[in-house]
């Protein structure tokens, strides 16, 4: 499948930016497989990822059987309500665990990088991957930079051994900061993080993330802490960098609007599981999971002003001791007795795999997948979910 | 008229022609800081005892504490009316800086001490003038006869000072003071250390050691540990309970020297029920002085029979120390109208281990006759202030002599007009006051003895305060120290002249 | 030149505190029953002599006059003359400041040597043997009276092993330091309990913070992360804890000075209260306070140097 | 010698090892909380031993026996006797009553006064805050305890004077903590809402601010209780603890200190008792911190 | 009949709550050196000359970036802080000069709902207890009637009254926000100041709470001062909108008109930047640059450094407020009457929207921009 994708499909902007980056040095240290950043190749393969965090109340299954693939140059969105396991899952892609005693199972493989499985690897071994091949952009820029060290030093630290010599490193840092749109970077190297605004910090963190031109960026709600205008700037920046560098991007957000603006494909998470996975347009136009439908319907702009908003009754279940059956059942308007017997699985529905992405023809889509037993019924139902008459669904 | 007998003295007689000391430094650890080295102002015993190594006086007390012997004055005469005393100075006497000791230095020094406000001048109130009639002769004139004059002049306060040097530097006593004694000060750090160095101009026999280092170590255990560790040679006041253990150590020895200390219990005569002599006698009869001796002094003291220091001049051996007699005590209490006893406080000085122990025994003893005692410990200053009023309950105090003559203790302890209100008991008795005044100007020893016995007996009967114990001076030293000796007045200057220190 | 955080406002705030301390110590000591004349006279006490002394010391003047005289003596630097020592208090202080200062300094150094590795390692290997051991050791260290620790140390290291002198202050700087090892350890043990605990906690907080995760994700070694990012951030708040508890340390020296026979300020103060040596009490109070405040300002400066966020935060 | 202020103790429950074996049928708050359970059990054990002292010994803690001082352990005197021939075991048992009294008595007063002052200062602001916090600074800057020790020494030792010393020494810690917590609480939504609803200041302070100030203060109090007992011991060491012949661990340690070279058990036994009490309180403090944090 | 109608019309015109030239200036601490040199202290103008009106039964939405002064405005209205200048009028009466009776009335008529659902309720009080406390303190309901009233209030906000015994810790964010609203309703207010009441909630819960706000308004005739940074929420709930920038109102007007044709370039940027479902975004952004330091705001129009339509005059002259053709009151030099003394306008009034759109105006539906 990957061989079929012509490398020429990508616009010429990439060589452009890599030249600026001083590529020769960078390319040498990256292992051979990583060189092949062919759009469409499978970069990341996650299979049945389970993350369970021991707590006093019992193990919390923050990720429960997540299966995903990510291709070179793809932008994957992950949405879901608070506590649905977005952060834990995405951090697990980098080999991070929320607590030292957390148990992780399943496989997280980077075929594109020639890495088999990173689950259970100690940080010592993961370090080869971090920075060079994968990087993260955090949610809260204010707390994500060391408050006592200068900005320049912190960016320089991320260069690894791609650049040698103090002057060269300084040059490279300035260049990176300029690349992320930080005004007058050469005057800001000696600044401390507290002297920066949230937007400037987030730009710095993006500079740190792309310092070694990694194959994949994980951005965990990178704009949630920022103002609308800055959020807009940062999303624009991320998109342009992703395009210029050909990086794959996993973008986590609780805001479907944000995700739908940016991503090729979207994974909807609910209670530790991916409940629906589809390309953005398909997901929005014909969602195949009642939860996705409800999420879309609950947006303030979904209905006219004089009509009440559609709400999802109840609240997500706690992630302790859940069974194999549908976790949305209690809040689902399509719920039937049979749902309680049926162990859910993420299964293909609707459009055939392999059709081109409407945004990026070079990418070919995997099949639309849903965890709902009644997904086929939804295909025929009206795309807009039915209204819930009362707002009094609050339950716990 | 008694030798240095008393309690055990383990130190051997200093062998006269002993070779010079193997180690020429003696290290002493004292428990109390040096308050000042100005003899006229001294108050702390430890400092007083050190003074006597530095400043010679006209006369001095012999090591046994029984008589006055020459010091700077090699001889003296008395006029027939006993009112003019002429002292002839030793022509060899020199201060540590090499200058000669002159009669005018001596007269100046004595007058300085007399004049000092709150100083010791009152002891020699009868003195009208002290003058130098020639460079070698000091003349002292009296208005009345004064029996204790020589004893008084032997006191540290009347040490002879180099007039010029003292007058030239108002910080003289804070730096490296010196006099005409066998040692001079070479380093003074009042709170931690004093170094005495042999005075090479000393006219008398030269000490065998060249240096004495006195350190201040307030914690009792730390002192003992320092001795055990060989860090010091002699320590003052080892804790009583450790004496047995220390003497069991072949490398160490315990030295108990007879002292002039008298422990007594003050009684608030101004308050009920103690204004009744029967109550006081009852309290006295209830006390077990032997038990107190065991618990407070590990049996090393002697139960007190009178308020005069043990075995000093005119001490009345005949008076019996009280023995516990609970029946008599209860009977006296009933007679006084307190068959069921009463409640009272007992003021003690906190941190004084022996005093605390005595207090606990007193509380226990008096409880047996129905008197309930609450022990109130205060830091020394407050304790004494509270006791001084004579109204704040029972109190524990002690006395030590500064001179060998009993005039001082008698005046302070039994003369209501003597300045200390009869040890703050405010007890007075015209006959006793008269007897004390007579004894002061009486020069006949037998008559004095008679008068003082009478005073002691009256006090024992009237019990304005109750003498408890005659504790010894306690020292511990390394076996390598030969000849450390303390006189009943507490000073050890004589022994420093002859002692030797061996290697250890 | 970077602003060390020594803002004049901060220093100006200390003035009322110092003033308050002179006032409080002045009044407190006079509230205590007993008077200096009694002390000076001792056995020779007579009411007349006492009265004479009181008036010569100016104790019969009005309390305000006395306070004024005291303040003037402070500004002249002499602090008046000690009743007991008959010397200018300033001179006495000069003798006594050294040992106390040195003791606190050596203790501070020891505390650092003890707490830094223990606190950080306990946090890094949380729940491990070292962590548990540290915990037990310091629970005991906290619950045992310092004087008992001191005596035991003397018994073991002074008498049994003979490594260190048993009390005293020695001569020369080397001698002083040698003599201060045991007392400093004695003080450092309880003091370190607090430092280790807060360092452990702050290290854990820092280890869990976002910026450490980001630093690790740069692919640098664990030691680099610890050395470059964790340490400095973890130490900064502990510097404050140190300053806040300094008065504890100075207070503790009173007991330790007694056990180890060190001629310091604590014993001077206790002795001076006992003898009602008013000028000494007042002067020592003031000097101790200045010392504690000075170290507090110093820890502030250190904190500000460690944490650039505070360097400009003169506002508020 | 004031109690060490240890933010870590207040903020850190992360290092607690939750014993898995502790699955006894306990009330819910206690379940799985090793520190809390152990602290309560230890403290209860100490309280039972001390308050029920007559059940565990027939000897009197006060009766002296001049013939039998410093006796070694025997059936009659399980731990031997002290310098006055008093039974050491009895003294330790009865003495604990005073230490418990000190731990609670001294602590509760400073807790209430210090907390109240700190809260008022933070809530009222203005000159009240300036004055109170300046005084707090003053107490933090100057080792007042040294002066107070000296002064109590002059006033004479007694439980009352010791309490005064402890109170003077340790109220500031509470004031500081309460001040900080109240400043934070003032910004909480429910406190703002209480103001908007027109609640009176005492109501806002007692019902709305206090509950969020209390946890930290209480946890600190557990630390402080140990500190107070230790401070009491130091007073005893300087000869100004409780009144003779009252048995109190601190003063027993310091009395025994004079005998440490010959009869070390005189200091060691009350020393161990003190450590056990200290451990009990610090376990309790850890446990409480844990519970209170879980509740938030 | 007619008399009643005119009276009604008159009351409709008297705003329930009005602010006139309201300002809050925080004086920043001066350094001692500045104090010694008698330099003036720095001042942060958190709210600067704000005049707004909330009509009975209507919702005034206030929107702006972080630090624009929204919460400060709310606190001023609630009299949790004293204004540096200006007035707050309740039914046309000045609250500050009205004395005790007036402030008592303010406490009854104006209540608050805050952003953080996790600190807005006392964690130590049960839900029922918190409500009963309000009833007790305000003395509106005798003790016997309180449980019933509590149940009624809870019912009104859609909170199961059987849960009155629960503590906030046992509730979700949405549940807490309902209880906060019930607590505010307990005094019987006419106006709720809601400071970002749904910002911390998930979409699904946010929808529940927004529905609740709207239902209460229609049932009880409540007026809202609704503070938020989320334009989508505002578009749904507000009748009138005020846009704050660095403490100043840059544009205000009826919501419909404002969303349909935003006048001020800042409002336009906000609308352009707000993510919309299914709209494909480009790599360019609505506005460049960061929020300036509020202590040293830019001269002239404070938005000029970031404004895509900035002109020379913007750097120097503070624009006056003027009314646009579509009915918004806007402070921008693009509109006639906002530049003091210069008439006619620099640009024709019809173009501003398209001028801003040239910088970035969103394409209405997803579509490839690359």
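Each chain gets a letter, A, B, C, D and E, in the order it is written, and its residues are counted from 1.
The working rule: a contact is a pair of C-beta atoms (placed from the backbone, for glycine too) under 8 Å apart; a residue touches a chain by one contact, two chains touch by 3 or more.
No experiment lies behind these values; they were computed from the predicted model shown.
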item: Shortest chain-hopping distance from chain C out to chain D; value: 1
item: Chain hops separating chain C from chain B, counting only touching neighbours; value: 1
item: Euclidean distance of C-alpha centroids - chain A vs chain B, Å; value: 92
item: Centre distance in Å when chain D and chain E are each reduced to the mean of their C-alpha atoms; value: 51
item: Multi-partner residues of chain D (at least 2 other chains); value: 153-155, 238, 257, 260
item: Touching two or more other chains - residue numbers and ranges from chain C; value: 32-34, 126, 151, 155, 258, 273-274
item: Two or more partner chains touched - positions in chain E; value: none
item: Chain D to chain E touching residues, read off their complex; value: 188-190, 192-193, 195-200, 203, 207-208, 211-212, 295-296
item: Residues of chain A defined as touching chain E within the complex; value: 11, 81-82, 197, 199-200, 227-233, 235-237, 239-240, 243, 254-258, 260-262, 280-281, 284, 294-296, 298-301, 305, 308-312, 315, 358-359, 390-394, 396
item: Residues on chain E engaged by chain A in the complex (per definition of touch); value: 65-66, 158-160, 170-172, 174-175, 178, 202-208, 210-212, 214-215, 229-233, 235-236, 269-270, 272-288, 290-291, 306, 366, 368, 370
item: Chain C to chain A touching residues, read off their complex; value: 126, 209-222, 228-229, 232-233, 236, 306-309
item: Of chain A, residues touching chain C in the complex; value: 94, 96, 100, 123-124, 127-132, 135-136, 138, 140, 143-149, 154, 157-158, 160, 192, 194, 205, 208, 211-212
